[in-house]
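Structures for review follow.
Two complexes follow with chain A in common, the first pairing it with chain B and the second with chain C.
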Partner chain A sequence: MREIRELLVNKIKELLDNGTVDRVIGWKAGEFCYDVTPAIFTKDDSFDDFLFNGFCGANQSKYLIEETKAPGRDEPEKGKILVLLKPCDSYSFNQLIKEHRIDREKVYALGVPSKGMLDVNKLRNMGINGILGIEEDGDMVKVKTLYGDKEVARKDLILDRCRCCKGSKHVAYDELLIPEAEEWEKDTTDRFAEVEKLEQMSAEERFDFWRSQLSKCIRCNACRNVCPACSCRTCVFDNANSGVAAKVNADDFEENMFHIIRAWHVAGRCTDCGECSRVCPQNIPLHLLNRKFIKDMNELYGDFQAGDDTETKGPLTAFTKTDAEPSIVYSRGGDK
Partner chain B sequence: MQVEEKKEFTPLIVAFCCNWCSYAGADLAGSNRLNYPANVKIIRVPCSCRVNPLFILRAFQRGADGVIMCGCHPGDCHYTTGNYYARRRMTTLFSMLDYLGIEKERTRVEWVSAAEGVKFAATMKDFAETIQKLGENRKLRDLRCEK
Partner chain C sequence: MQRIGVFVCWCGTNIAATVDVAKVAETLKSEPGVVFATDYQYMCSASGQEIIKNAIKEHNLTGVVICSCSPRMHEATFRKTVQAAGINPYMLEIANIREQCSWIHKDKEEATEKAIILGRAAIAKVHLNAPLTSMESPVVKRALVIGGGIAGIQTALDIADAGFEVDIVEKQPTIGGKMAQLDKTFPTLDCAACILTPKMVDAGSNDKVNLYTYCEVDKVEGFVGNFKVTIKQKPRYVDATKCTGCGECTTKCPSRKNPNEFNMGFDNRGAVYIPFAQAVPKVATIDPDDCIYMKTGKCGLCAKVCTAGAINYEQKEEFITKEYGAIVVATGYNQIKPTEFEEYGYNNYKDVVTSLEFERLMNAAGPTGGHLLRPSNGKEPKKIVFVQCVGSRGQSCRDKSYCSKICCMYTAKHAMLVKDHYPDVDVTVFYIDVRTPGKNFDEFYRRAVEEFGVHYIKGMVGKVEEEDGVLKVQASDLLANAQIHMDADMVVLAAAIEPDKSARPLATMLTASMDTNDFFTEAHAKLRPVESPTAGIFLSGTCQGPKDIPETVSQASACAAKVIGLLAKDHLLCNPCVAHSNETLCNGCSTCANVCPYGAITYEDRLVMDKGVRETRRIAVVNEAVCQGCGACTVTCPSGAMDLKGFANRQIMAEVDAICR
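Let's look at the complex of A and B:
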């Protein structure tokens, strides 16, 4: 990781110096070493606190909406911005271009490699607390804690979403940091396995499962705010006239409603980047909602990967005359 | 003497009906004096495609026990393709409700043309019976909305 960071910083400096871009969205340490936060760097900034490590999970493509917006009346025209896209981020990037939310002309996209991002909760689940510092070293991760140093295999800390990796190939970029980046050794899982498990349950069990999950929601809106597909100018949940713009869930109806609508609004546009589940402070498996839609649409309307390109219509903005009738729902799923 | 305090459950059913077909179909049923359950509350929409998933959830929130959406037969939409989009939307939405453990029989889509007064009445009767059997909607309801 160290070497890659060095390579990256050199590349960024080169692009800033030769005037290709005038700023870059990078990453900086947050309050803790594992909550790395996106930050903007310009030519005049020192790159000493620029970070690139396994905790740079944040998908940066959404920031480009704000950053490439046409300037207001008294604002100066901004130059190009450099964005660092991991392979999966490049899908979201494409999707936002498809939806005309990013001005492609104002972006220089540098593809950066990823060997799977890390999940600090996995360390905690191993009983490792009081974390002071984390250092990645090849296949191992060295953790400095209040209670002494620990060493853990990197593969045991991989974020669940990365275990369903779409691959090391970028679908959009202007340049690749490492052109011939090889596939990383992932221990993959079938991304629909958990959805299927739920489908096999009885309706009552499913209801209880989702109640136990969704009732934890504190309606912080982090899942919506982080989602690159959730990019409406005014979200229905911020629109006072919609009647659903509550700041808290008043009862379990609202918990269900918020999640059904959030997931439905991004159906066909969600690239399955997994950011919603990663940021949820309550650890609600939100990806299980998104993936249900993806699975249904794949089965009913043909395989589709949002963000694969910038043209193909998504399944909910297209149709065929022979689509299944909604009554098909009565005969699908586990319990009939 | 003791007064029986047992109230029979009558489901509340909300029907979103497209102005150009099912709404006219309901009209026809009426002018032909065909009976359909009085607990079906019709909401007229300009096209089945106007039905937003929030409408459906809202209806449940406000105490509906079943929600049915009726539109023009595929191919006959007044705006040519609205109902094709609506069909995909409702399929995915209903499937999600089922995934959350909400009884899938509580939602339905039926295509009814302006000439099908008989079908309209029969559909509503059948749907009302299904919901009657299912009982009250408890899973998607706002407690504050209760009378």
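Let's look at the complex of A and C:
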């Protein structure tokens, strides 16, 4: 990891120096070493606190909406911004270009490799607490804690979302940091296995499952704020005139509706980046709502991956003569 | 605060028998904003409308709720009523307490409660209604007729007669449709060709009628008065402008083993063919699947013999885009192939034929020159059995549930013609019911029985098997309560008719609705039988339901009258319930433009002031003349920037809230 970070920093400095870009969105540590947040660096900044490790899961695409928008009156025209896209981030990048939210001309996209991002909760579940520092070393992860040093196999810490990863290929970039990155080895899981489990439940069991999950929500809005598909200038939940905002705050059941409405709003545009579940402080498996939609759409309209390119219309906004008839949709799932 | 009047209609007993209308009016009176509520026997009648007008004036009403039948029935009526009393017509809401309430419930108490809830929802919506004004859109004075059978031809000729241009799109190489294949027509027994071919010639030579044969509708855009249609011209591999129809190529073509569709496969045609002698246009067509040259690159005989130089193996499909004010669907029917009805032996025995095949065997221009011969051995049949209702009026999955309507009459015709030409042939008809409503129809059937001695047996055939070249027919006679075993030389199956396969994808393109049998749905079964519920789409002939020729022709002319009524207008009032985008909420994401079926949404960069910041943004703009108010954009817009006038998100939400209260 250390070598790649060095390679990356050199590349960034080169692009800043030769004027290709005038700033870069990178990552730096937050309160804790595993609490990595995106940050903007310019030529004059020190790169000492620039991080690139297994906790740089944050998808940077969404920040480009703000960074590439037309300058306001009296504001100077900014130069290009460098964005560091992991393979999965590049799907969100494409999707936002498709939706005209990112000005592609103002971005230089550098594809960075990923061997799966890490989940600090998995360390905690192993009983490792008081974490002071984490160092990745090949297949192993060395953890410095208040209670001494621990060593864990890296593969045991991989985020669940990365275990059904879309692959090592970037779907959008101007340049690749490592041109021929190899597919990394992982214990793959079936992306839809959990959704299938939910589908097999009775309507009542499924209702109970979601009630118990969604009632944990504290409405911190982290899922919404991190989601690249949830990028409206004004969210319906923040718009008093929409009539939706007041409703979801009315009682705890209505609040559950927040997540369901959100899943509807991103359906067909969600790239399944999994950021919603990663950032949820209450560990609600929010991505399952989106995946259910993806699975249904794949079955009804053929396989579709949002953000695969910047042109193809999503299945819910494209109309073809072979589309499933509504009656077929009604006959699926649920108790009769 | 609105001043709302509520008017509850009894609709005679249609509503009043199931809904306590007085209670509905009384209860809704206490809803906020309601200053007047009453009930009346027929609210749509002149005196009912008078009650509404008087109440508007007397109580200074600003909004009106009418609890009655579906808005599809009388919304337009009541809009005129309130407008006459000085209220904007869009300040009216209709609560459908008939189709959605009284007709579908039995319990009066429950139905009354539901009617109150529906009324409450409409009141909640009226509170948020705003006056709307209609714009005008021009009408393109040209009609498109899809299908060139007798229905399409008649509609086109009538429209042309009124002075409007009309195009016929026909997927076959010639117009004429099924009627061209028929021998005689009931109940007068005139020859189909004698009455059809002059009309085909008229259509071909009329200045106002353009024929697009061997063409298909590829794409339909736009809306009533302003449709834009892309027509696909399939390659004929023959230059239609050069071909004289001499037929030299068709006789010289060495590829001879291609079943002749026009003769139901009883004989063969060349790879280059003219469907029949009276075809319009009389132009040859090459079937690339049969053509030796197209398959192997060797032959080219037709090109050599064509003195006009019309053969062009390189022809490609072409697309023609034209604008129309109205579209007529006349896609017609097909007779099912009774392959699933194995008991009748259609799959196994050549002498078991469908009635349309029988038409060709009887036709003077058919494969046998009109001499009725058994397909198996070419000998004259002595005994013929007709089986009615094959695939019609059934309950199993292989059956159509409907009556195909024409079979009773054409079977009587077939039986009569056989007896007329060959008096010594024994003819038996097995039937469930004989249905002969229609002018001179029953007389026609009785002639078959009484004058020509056709045996009619009430009962169905259970099995047909061949033994030594004789068809053994097992059947039941329901009146005699007996099993019948009978020999026959031919069995003729009156197989069901079904809409043409091209109808469903076409309906999707036209956003016209269909029933479960794929027949097009009319706007009103009784009062608007030739219009589709989709504005500007009209229905002619069997695409709407089984019909015989007299009925098809009258419907075709009725359809033409409706089209002429539309094309005679210079402008149409646009629906003012159109979409508009809120520039501060719009993300500029193009999702609405993607789903807009009318292409009404474009984007522009606009300076927007939002939350104290002025910035240039990509904003959706709706062309109100093109928008049809379908609302697809409003539901797909993630931020709620798109909204529909008259059906705003807030209004819908208010209705839902009122229902859930």
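Definition applied: the second predicted complex is superposed on the first by the 319 of 336 C-alpha atoms of A that agree within 3 Å, B and C clash if a C-alpha of one lies under 4 Å from a C-alpha of the other, contacts with A are read in each partner's own complex, and residues count from 1 in each chain.
Following the convention adopted for this analysis, a residue touches a chain if its C-beta (ideal position, glycine included) is under 8 Å from a C-beta of that chain, and two chains touch if they have at least 3 such contacts.
Small disclaimer: the values here were computed from a predicted structure and weren't measured.
Novice: Kindly say whether there is room for both chain B and chain C on chain A in the superposition, answering fit or clash.
Specialist: Because the two structures are overlaid on the shared chain, the partners are seen to clash.
Novice: For A:A70, decide between first (touching chain B), second (touching chain C), both and neither.
Specialist: It touches chain C, and chain B stays clear.
Novice: Contacts for A:V236 in the overlay, against chain B (first) and chain C (second): which applies, first, second, both or neither?
Specialist: Both partners, chain B and chain C.
Novice: Does chain B (first) or chain C (second) touch A:F319, or do both, or does neither?
Specialist: both
Novice: Give one of first, second, both or neither to describe whether A:L7 is in contact with chain B, with chain C, with both, or with none.
Specialist: neither
Novice: Taking the superposition as given, does A:I128 touch the first partner, chain B, the second, chain C, both, or neither?
Specialist: Once the two structures are laid over each other on A, A:I128 reaches no partner at all.
Novice: For A:R206, using the defined touch cut-off, is the partner it touches chain B, chain C, both, or neither? Pick first, second, both or neither.
Specialist: first
Novice: Pick one for A:A222: touches chain B only (first), chain C only (second), both, or neither.
Specialist: neither
Novice: After superposition on the shared chain, which partner residues are touched by A:H100: those of chain B (first), chain C (second), both, or neither?
Specialist: In the superposition, A:H100 touches chain C alone.
Novice: Applying the document's definition of touch, where does A:I261 land relative to chain B and chain C: first, second, both, or neither?
Specialist: In the superposition, A:I261 contacts chain B only.
Novice: Between chain B and chain C, point out the one touching more chain A residues.
Specialist: B
Novice: Looking only at the overlay on chain A, choose which of 99-107, 423-431 or 459-467 in chain C hits chain B.
Specialist: 99-107
Novice: Residues of chain A that sit at the chain B interface in one complex and at the chain C interface in the other, please.
Specialist: 236, 242-244, 316-317, 319, 321.
Novice: Show me the residue ranges of chain A that touch chain B in the complex, using the header's touch definition.
Specialist: Touching chain B from chain A are residues 198-199, 203-210, 236, 242-244, 250-251, 253-254, 256-257, 260-261, 263-264, 267, 289, 292-293, 296-297, 300-301, 315-317, 319-321, 323-330, 332-333.
Novice: Which of the residues in chain A come into contact with chain C in the complex?
Specialist: For chain A paired with chain C, touching residues are 69-73, 98-101, 231-236, 239, 241-244, 265-266, 313, 316-319, 321.
Novice: Touching residues of chain B toward chain A in the complex: what are they?
Specialist: 53-54, 57-58, 60-61, 74-75, 81, 84-85, 87-105, 107-109, 139-144
Novice: Quick check on the complex: what are the chain C residues that touch chain A?
Specialist: 505, 508-509, 584-591, 594-595, 597, 603, 605, 610, 613-618, 636, 638-640, 649-650, 653
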